[in-house]
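Presented sequentially are two complexes of chain A, the first with chain B as partner and the second with chain C.
Right after this comes the complex of A and B.
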């Protein structure tokens, strides 16, 4: 956030210089500036910007059978989409997943970060372990969790039987599957959030805590009156990026829930349906409409979060 | 007072140990299962934690079915290609956006920023059609293609260049360096931590990506490891020792690299996230 200041100075300088004549040096700088950004801008235009336009364009077309051309259908894909309960259900699934994953992973990560942000033996070992799922391929993570969740032979049910509980169906029960998928999401991302929180916490001056200790504030009180407000910019950043990522959940669902699993309709996300229609059924127009819907939803949520940050984020 | 302080420390350790166990158990279970026989892995009474005999049958089978040397190679080439391209283009653009004055700069930078809020799947259909039209599906090029440039990386490197002192450039200019020389010899070496952070971020992102390789490289021998693992599951859904052996082989190289360079990994993620 301190960088904003630097940025302002930069633009001020830039404006100041613009008034003076473009000397030979400035012209050189201008040309080199363009040359330096050229690969990135060219790449972004080809790889991202044109594709966004093409995807939106494609959503107004129907892909002909056997890959035969595109037929313009206007808003038909959208009409079909909004009429399908499958889409509404998957939108709901995506939102439920996000509502479970993001707050819980942020809360647990914050607690861990506070515990780890002190001088104590073994800190780096804990940090290494908590971050480990971040470096594992989601396909492998999903596979091992699927095995842990196995209702007949899975480790979790064996443990439950051992302590005398009733074994559960995890990912084959349509009512609870999304929750257990979200647990895997939380487990995977805690370490990432934790690392960001630790670096946020390290920027809080120790004096604040010492001063409030003298005033008689206990650790819980300090957590809410010092830690939370001072780390709120990091929390805002983590929340925004995690929500965007959680809304795009695909891998874990794709790997853990079989096509034959009865729970699939209650778990499949918008991106899952996008993949299914665009690349399995080759109905690219319909797939495009689904992903445009997700784009719009993510933009709305991000805009709301940006507006809401004024209410809870403290910048000092 | 000292007594309560020690109790607190013990309590914190207990919480952290429970947490660490929850993080580690899936990995440990993966290892233990991969060395069991199928019948041992599905044995309920008595339930076995450790294999009675450590057998490598599952690994033998996996090696027979999957060409791991090829899969590793594909993954390494994909990661190397993406990291080199992203770090090079993002350094150039990041430097220009941070330090050079040129018309259209603000507009072009807005263009970069706009990419960060868009779900990446929106690019996939057209990217697939482009690679397909070039006839380059199922190649290393198609694996690298979406990672040729990085909007996030450009933003990240710009932050690193903005943090460098201005005097350096002035001094370089007085010494007769032109802009490319200043960038290459004076400025870019000072952003090494930024380049490492971006490299790690790009490598992890590429390693973990699943949808793009499934779409662009569906042919068996051309996949990176993540997609090959997804295909394996569809084929042999019940042989858990085998699935665990394959998963283990897929994640071990990255975990070894992570444990060796853990400081760079964690700092890289902390700075790349914290810089935004």
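Right after this comes the complex of A and C.
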């Protein structure tokens, strides 16, 4: 949503510029504009841009305890990183997680948004229910799911036993654990995506639907020919932000998978490794190198998405 | 506009990723001491600990200190999993809590970087006799110059918890000081039910102090040599001990690895899934609070091997921050906590056993129905918990490797050799 707002502001500025580029009035407006965005810019510089530069800088050092006695090692951290199969496996884990979480959460959220985008009794109750997981603390959610998933004492397996099925190992089977972790991710984010989609849906004028139904289009045809194209800007925004967030998955894994869990090597994400090296083993430089790798990968993916949007996103 | 879009999206990506790196430290340190400390007045000593089970007892002892000296304290509990991250971040930011707990895994880093207050003068002033504490713990908490930087707080030993109800049902006699590890293995087999509803025992790999480390030393092996220069993981005796563990896994006396992955050994014991549990003395409070354990279980000394019955011991230390504004008061507090009276009170309150000689007797009165004496008896032959300057590096590595051997016990001997090789590299790099 923030993204959309920024876009609108830019459009306005661009129009203003065209009319009278350097009029005195406009210059005053410009100064005020800068004053208004100054707090945000300051925040970004202090909380984001400086740490980014420091992190990249740190990735070239073998860091000492408590940030003292750092030794410059050039690309050694990167060389070590690229030689570790653990890094590539966790990159793969991260990508698998993203591939499961993002499309499924978008699809389910879109269906829910379409179903809930109408006038009916108790609509806000339904919307609240779906949005609830977004409000709860991720760590608490992970703890609850961890016990639901527990193969010996968990509620899900108790239920399966009750109806006579075979209990499963959810988070301790290396082959499937990442999927069950992704289920929690999907469950927690559906509500957020849904709210964005509902707001996108409400911007579509009703005239289109009326006109098309006069022309004989059914609801399914309407969904694919009107809803999807017109909601594509929202979908683009959701996809970009969700991919970024999913690539950074950490909390659910950290809370649900213990370090002695056999499935850990097949579940741990890049951010998990970053945490392990930077904060548990206090190898900040190596941790920084891992996070720079993730940064580069996310930037590439985002750039590709931006390029690809020309093919499928329709702006009015 | 499209260009703008691209720029914004890329910036967004950048911020979200890298701010992670920065936030980790910041979030943690702000939850640390500095904020609440300043609210309560700058002369209040902040005290950082990680064990909620000890919180009330510690507070009671601190109240005595306040009554004696008029110096106020404020206890903050951070769970073990986050404690060291919090402490590291606050040390880096120059705002260590005035007083904090130290552990063998981490002390070297803090002592060498000069983060901790030299307590020698305060010890003299308080009149503490350092020979009254186990020398392993005293040595552990000295900086490279030989100055004491933490006062021994407690001593912990390992004893064997067992489920009497299950023993009765299986017709196995209760463990006692005649038990060897072979008796333990046979009993574990008998206590395992074929339908998977009950197992003899379970070892959580990361709980090495409570479990296989004891077996290694009973068998005559070692984890690290006295000079902290060489790994003992490839010592034939160590391998023999670990193969013994592997045999127990092969017996089927442990639950399947998936179960241990999801639920730790204490929770399995507390929920009646396993019959025996080697457990540290610091867990006594938590164990007894569990109703099922209280009704069904008791404690015995650990099994022995060829007449050797060693217990791994470790002890926490009370340390004070060097750059604390209240350094003098902090030193007063940590040395006070080391006095015979305070140490005795700690044991009497049932917080833990105490490091000071002959002050732990009161610990058994915590629950007279249970044989807590087993923990005191285990003090007779003790081995210091293996540590070096950078314990975490090889400790975590050995745990990761053993996860594989727990799933495939046939590779145990090879795993031990692999751990030794990597650990020797780590020690060389220290």
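Keep this in mind: the second predicted complex is superposed on the first by the 267 of 316 C-alpha atoms of A that agree within 3 Å, B and C clash if a C-alpha of one lies under 4 Å from a C-alpha of the other, contacts with A are read in each partner's own complex, and residues count from 1 in each chain.
Methods note: a contact is a pair of C-beta atoms (placed from the backbone, for glycine too) under 8 Å apart; a residue touches a chain by one contact, two chains touch by 3 or more.
On a predicted model such as this, the values are computed, not experimentally measured, just so you know.
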Once chain A of both complexes is superposed, is A:306 in touch with chain B (first), chain C (second), both, or neither? second
Could you say whether A:172 touches chain B, chain C, both of them, or neither, answering first, second, both or neither? second
Applying the touch criterion given at the start, work out whether A:263 contacts chain B, chain C, both or neither, answering first, second, both or neither. second
Partner chain in contact with A:282 - chain B first, chain C second, else both or neither: second
Quick check on the superposed pair: does A:274 touch chain B, chain C, both, or neither? Answer first, second, both or neither. both
Please work out whether A:151 is in contact with chain B alone, chain C alone, both, or neither, and reply first, second, both or neither. second
If you tally the residues of chain A touched by each partner, is the higher count for chain B or for chain C? B
For A:34, decide between first (touching chain B), second (touching chain C), both and neither. first
After the superposition on A, what does A:294 contact: first (chain B), second (chain C), both or neither? both
Tell me which partner A:73 touches in the superposition: chain B (first), chain C (second), both or neither. neither
For chain A, give the residues common to its interface with chain B and its interface with chain C. 3, 6-7, 10-11, 14, 44, 47-48, 51-52, 54-55, 150, 152-153, 241, 244, 247-248, 250, 258, 271, 274-275, 278-279, 287-288, 291, 294-295, 298-299, 302
Contacts from chain A onto chain C in the complex sit at residues 3, 6-7, 10-11, 14, 44, 47-48, 51-52, 54-55, 64-68, 146, 149-153, 169, 171-173, 240-241, 244-245, 247-248, 250, 258-264, 271, 274-275, 278-282, 287-288, 291, 294-295, 298-299, 302-303, 305-306, 310
Which positions of chain C touch chain A when the two form their complex? 1-2, 4-6, 8-10, 12-22, 24, 84-85, 88, 91-92, 109-110, 112-113, 115, 204-206, 257-264, 271, 273, 392-393, 396, 399-400, 403, 407
Residues of chain B that touch chain A when the two form their complex: 9, 12-13, 15-16, 19-20, 22-27, 29-30, 33, 41-44, 47, 88-90, 92-93, 95-98, 100-106, 108, 111-112, 115, 117-128, 130, 145-146, 148-151, 154, 159, 162-163, 178-180, 183, 204, 207-208, 210-211, 214-215, 225-227, 229-230, 233, 237, 240, 243-244, 247-248, 250-251, 254-255, 257-259, 262, 265-266, 269-271, 273-276
As the complex stands, chain A meets chain B at residues 3, 6-7, 10-11, 14, 17-18, 26, 28-34, 36-37, 39-44, 46-52, 54-55, 58, 112, 115-116, 120, 122, 124-141, 143-145, 147-148, 150, 152-153, 155, 158, 162, 187, 190-192, 195-196, 198-200, 234, 237-238, 241, 244, 247-248, 250-251, 254-255, 258, 271, 274-275, 278-279, 284, 287-288, 291-292, 294-295, 298-299, 302
